[in-house]
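Each of the next two complexes has chain A plus one more chain, namely chain B in the first and chain C in the second.
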Partner chain A sequence: MADDGFISLDGVEKVFEVRRRAGLLRRERREVRAVDGISFRVARGEMVGYIGPNGAGKSTTIKMLTGILTPSGGRLRVAGIDPSRERTRLAHRIGVVFGQRTTLWWDLPLRDSYRLMHRMYRIPDRRYRENLERCVELLDLGELLEVPVRQLSLGQRMRGDIAAALLHDPEVLYLDEPTIGLDVISKAKVRQFLKELNAERGTTVLLTTHDLTDIEQLCSRVMVIDHGRLMYDGSLAGLHEVGESERMLVVDLESELPPIRLDSADGGDQPALRAVKVEGPRQWLAFPAAASAAPLVARIAADYPLVDLSVREPDIEAVIARMYESTP
Partner chain B sequence: MADTPAVPADEEREPAGFAFEDRPRPLEGIRAYGLIMAMWVRSTLAYRASFAMTLFGNLAVTAFDFVAILLMFTHVDALGGYSLPEIALLYGLSATAFGVCDLLLGSMDRVGGRIRDGTLDTLLVRPVPVLAQVAADRFALRRLGRITQGLLVIGYALVTLDIGWTPLKMLMLPMTVLSGAAIFGAVFIAGAAFQFVAQDASEVQNSFTYGGTTLLQYPPTVFAKDLVRGVTFVVPLAFASWLPALYVLGREYPVDLPQWVAFLPPLVAAGCCGLAGLAWRAGLRSYRSTGS
Partner chain C sequence: MRLYAVVAAGGFRRYATYRTATAAGVFTNTVFGFIMAYTYIALWDVRPQLGGYDTSQALTYVWLGQALLMTSALMGGGFESELVERIRTGDIAVDLYRPADLQLWWLAADLGRAAFHLLGRGVAPMCLGALVFDLALPGSFWTWPAFLLSVFLGVVVSFAIRYLVAMSAFWLLDGAGAMQMAMLAGLFFSGMLLPLNLFPGLLGEVARALPWSSLLQVPVDVFLGKHTGWGLVEAYVFQAGWALALLGVGRLLQTVATRRVVVQGG
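For the complex of A and B:
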């Protein structure tokens, strides 16, 4: 039990029955498999990004992990607890932030919402003070504590919500779109905080997002879900290989020349790179993301009058979009 | 990096989840209710002037209810064979019982809205019973207006009525109000539970609660026999004021029932609350298996 992961899912399913009006009285029943046999393990202290298009089953998975929804099939454990059976017990050990729904009290100062958490979760006084102090410092909430929540900006409120979810020292934090609608500075603050939380406290973090920068900056591991199935589970870099993504070499030559052609190093008929675009002396050359750029650069420099060059990393959004399209 | 991203948590800290113990759920529920209620009271007091006005408004609106009855009595001497003070007692008992329930559970019909906009989920991740959280939702002190008005009318009835008081009859009054509030509460909870199935059903519930209290404010003799049977045996609202009040007044029961049924309200209330609790659990379970 203990060694098979802090969070473990085995063939977890969630099937909804949707009733639709078909005619005046007749109703059609249709099964929707929101989550269709997902299995994964998350170790204590991992930080995992969970991504997928709208309606892919992300939220449904989070709801099962928090005990809100009961799975229709499969086995699910968080910290050894079956969430749907012992929801209340699990609640003491998890923190949840719903990006689009605040749990703070609209008309009351931020501090009052935290006092409610203090008493509702029965957090020992000393622990509560320490945690609050820490959150206030790291999330920059000091001047906001006495401000009614309705007067906070979206970014301030999100930071307030994250603090509220952490006062009881949860071992795992679920974040459903924590950076949605935030400006660049607020996003950076939230990311920085999550990074520190994970590093210092070893809090396990599972976050869903549409902003891939969140994943790039925070998560060593990413899971892609679509149509209720796990499409990919691994490092962000590995996603490029799976998605057959390409990196781009942008070169500036001394003069306008025909598109650069390099034959494969091993003499095969597959060219090592291909010119995607030529604009005067500047050329855009695509090559497989997994290949090393150094030998290519060396050969171009040897054969062509090279002035300047840069390498662009592949666009992860394009990779993922390709992935979604390829699913049936 | 990918293999060992974890930094072990500070060794000196106790394991998390420290606060969990198996505690009796009803007590946990009442405690949580108190905590959330206090938050709403504070929210209300953030707008003091608005609170004062709504409290006054609530008192005035409910008072007009009774004024309507007073106006009727300027034209007739009795309604269904009942004098004004007698009707005042029926009215006061029912209004107070309903007022207590409205104060404590008045916003339960918002659960349908919470299901629709998804905020019910935020309650489900808390370590306290959902029923308590939903019951305390939007707790509004202005609803004290209805209770105040009900108590005033009971006071008027007691001063003007000539009742041969016995200890039993005196005990009957608080018992009626409390059991009545519990019976109305059961209807509120059952109604809220029904919203898990049909999210726009709050009006159905309101017809039983608000409709019910209006019904009970008039003597049973003015209504059709079948309606009276319905609120006695089906949705047992009659136990919330009619039967015990008629016992106090020494009147005949609307339906042929033995004298001792006047003492049944606490039992009826307990039964109703039990059934409502089961309905709530079933509703919540169905939500958690369907998600909407």
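For the complex of A and C:
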């Protein structure tokens, strides 16, 4: 079967059966559809963001992609391999970083964990040395190699974990919240590294996160999942249109006035903008992101005593939050 | 295979990093050794040749018990609380996606740990005991390697039992109860409190046939030269038999458990 995607999912489902006590001996069975018919393709070398609220099915998808969960239905392939059937073979070609779990050996120096990876993935000696050197340099691990993992800070440990996932040259890297709990500097370091990895080695990266800055800085494509369904798949910019996002015009007037009203320019019923908030002489006016601000500003300036104004771009987080809310 | 060698070396070094804990442990072992030694002296004074041991052999039993307490994890401990915790929190997912076998991985780590505990926690109390009391040390040099092989088999049996306990966490979610039971069973049936040879009738027969007797009773009897020739081979077969049987059951549980996790999500 011809397949253009490096990672391909066709109507993949995962249904969990939850048993709940109902009365003394009776048990009720309930189905939970964690992933409910998801299809997408990821090409080799792409860097894709995979976002959604807690419990949306992100981690379940990642677990199916690594083969530690078997899909209840649908077809799933990574590099032409069915993950749940050939988990071990696939493991040599993928790298996984679970932000909230560690693969490192807790009581031992970082270097020992890397030695373990060396043997576990049967990495040729030269390759191993080169990759380790490179990771140490780019992730700034030089002084940490001899430090027991339990003594590392969260940011240091995360960098250590990312290096551990890359020593065997994986073609795909799954990152499950790689920047969770990190400070601004550590986040920047991790992002910079991922960007270079993708650019230099062409590693395919699938990234789940709650931090949208990760997505904005790293991914040209984003997928939004909620209630186990794919809500959106496309560019970050396109998300604004789908999310019916609005821009905000903040105006300062000479004096306190009732909320500004402007009728639609083409004479329709919809007003051109609506006042969201009034605070003394300052008013917040929302208008569709796609509409041009210039004519609106001109009309306000003509009709009202305008002192100052600014336009605020839509907040991607607000867009996504609205998307989550609109689903049943 | 080299992977598991690295895992075992890691298991060894991991315990070796906690030097103060080791020193404190040696102290505790020694104190308990003295208490039990004097209790045994009193007991053997009243009933000489109890269980077929003379007083010197009984004292050897005490100090070997202290030396093997941690090595063979007579009261449990070592890896299983960690594994249970990993199962409970779901960290086990990380272990499962690795291209390595879960049971072999933990066995290798536990053998590394046992090797450290034999050297770090075993040798010192044994030497101190030998200095203070008149112990029945082996007459032949070959008894030492025979004893070490028996200890090794005992550690594998001990691992296999504890692995079963840990696997139960996949169903029970909280493995604390199972670990507690395993600890009590280990304490009694390994012969840690009293040699199993002392138990009369059916209780003795059963206790000596259970896997726990591989942990202490059998190695000590090898040390004391009670098993020689074919008797020694029989002792090894007994230990190896339990090791293989229990490892097999552990593997079966592991397969069922991972399938359950893989299908059910745990």
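The rule we apply is simple: the second predicted complex is superposed on the first by the 264 of 328 C-alpha atoms of A that agree within 3 Å, B and C clash if a C-alpha of one lies under 4 Å from a C-alpha of the other, contacts with A are read in each partner's own complex, and residues count from 1 in each chain.
Note that contacts are C-beta pairs under 8 Å (C-beta built on N, C-alpha and C of every residue); 3 or more make two chains touch, one makes a residue touch a chain.
Bear in mind that the values here come from a model prediction, so they are computed numbers and not experimental data.
Asker: With the two structures overlaid on chain A, would chain B and chain C clash, or do they fit side by side?
Answerer: Aligned through their shared chain, the two binders clash on chain A.
Asker: After lining up the shared chain so the two structures overlap, which partner does A:202 touch, if you call chain B first and chain C second: first, second, both or neither?
Answerer: First partner only, chain B.
Asker: Tell me which partner touches more residues of chain A in the superposed arrangement, chain B or chain C.
Answerer: The partner making contact with more of chain A's residues is B.
Asker: I'd like to know which partner A:107 touches here: chain B for first, chain C for second, both or neither.
Answerer: Both partners, chain B and chain C.
Asker: Identify the partner contact of A:93: answer first if only chain B is touched, second if only chain C is, both if each is, neither if none is.
Answerer: first
Asker: Examine A:43 and indicate which partner it touches, taking first as chain B and second as chain C; both and neither are also allowed.
Answerer: first
Asker: After superposition on the shared chain, which partner residues are touched by A:292: those of chain B (first), chain C (second), both, or neither?
Answerer: neither
Asker: After the superposition on A, what does A:119 contact: first (chain B), second (chain C), both or neither?
Answerer: Touch status of A:119: both partners.
Asker: Pick one for A:170: touches chain B only (first), chain C only (second), both, or neither.
Answerer: Touch status of A:170: first partner only.
Asker: For A:221, decide between first (touching chain B), second (touching chain C), both and neither.
Answerer: In the superposition, A:221 contacts chain B only.
Asker: Residues on chain A in contact with chain B in one complex and with chain C in the other?
Answerer: Looking at chain A, the two contact sets intersect at 14, 16-17, 34, 60, 63, 66-70, 84, 87-88, 91-92, 96, 98, 101, 103, 105, 107-108, 112, 116, 119-121, 148.
Asker: For the complex, which residues does chain B have touching chain A?
Answerer: Residues 1-2, 5-10, 13, 16-20, 32, 35-36, 39, 42-43, 46-47, 117-119, 121-122, 124-129, 285, 288-291 of chain B touch chain A in their complex.
Asker: Which residues, counting only chain A, touch chain B once they are in their complex?
Answerer: 14, 16-17, 34, 43-47, 60, 63, 66-70, 72, 79, 84, 87-89, 91-94, 96, 98, 101, 103, 105-108, 112, 116, 119-124, 127, 148, 168-171, 198-203, 220-221, 235
Asker: Per the contact definition, I'd like the list of chain C residues that touch chain A in the complex.
Answerer: Touching chain A from chain C are residues 2-3, 5-7, 10, 13-14, 17, 90-91, 93-94, 96-100, 261-265.
Asker: Sort out for me which residues of chain A touch chain C in the complex.
Answerer: Against chain C, chain A makes touches at 14, 16-17, 34, 60, 63, 66-70, 84, 87-88, 91-92, 96, 98, 101-103, 105, 107-108, 112, 115-116, 118-121, 148.
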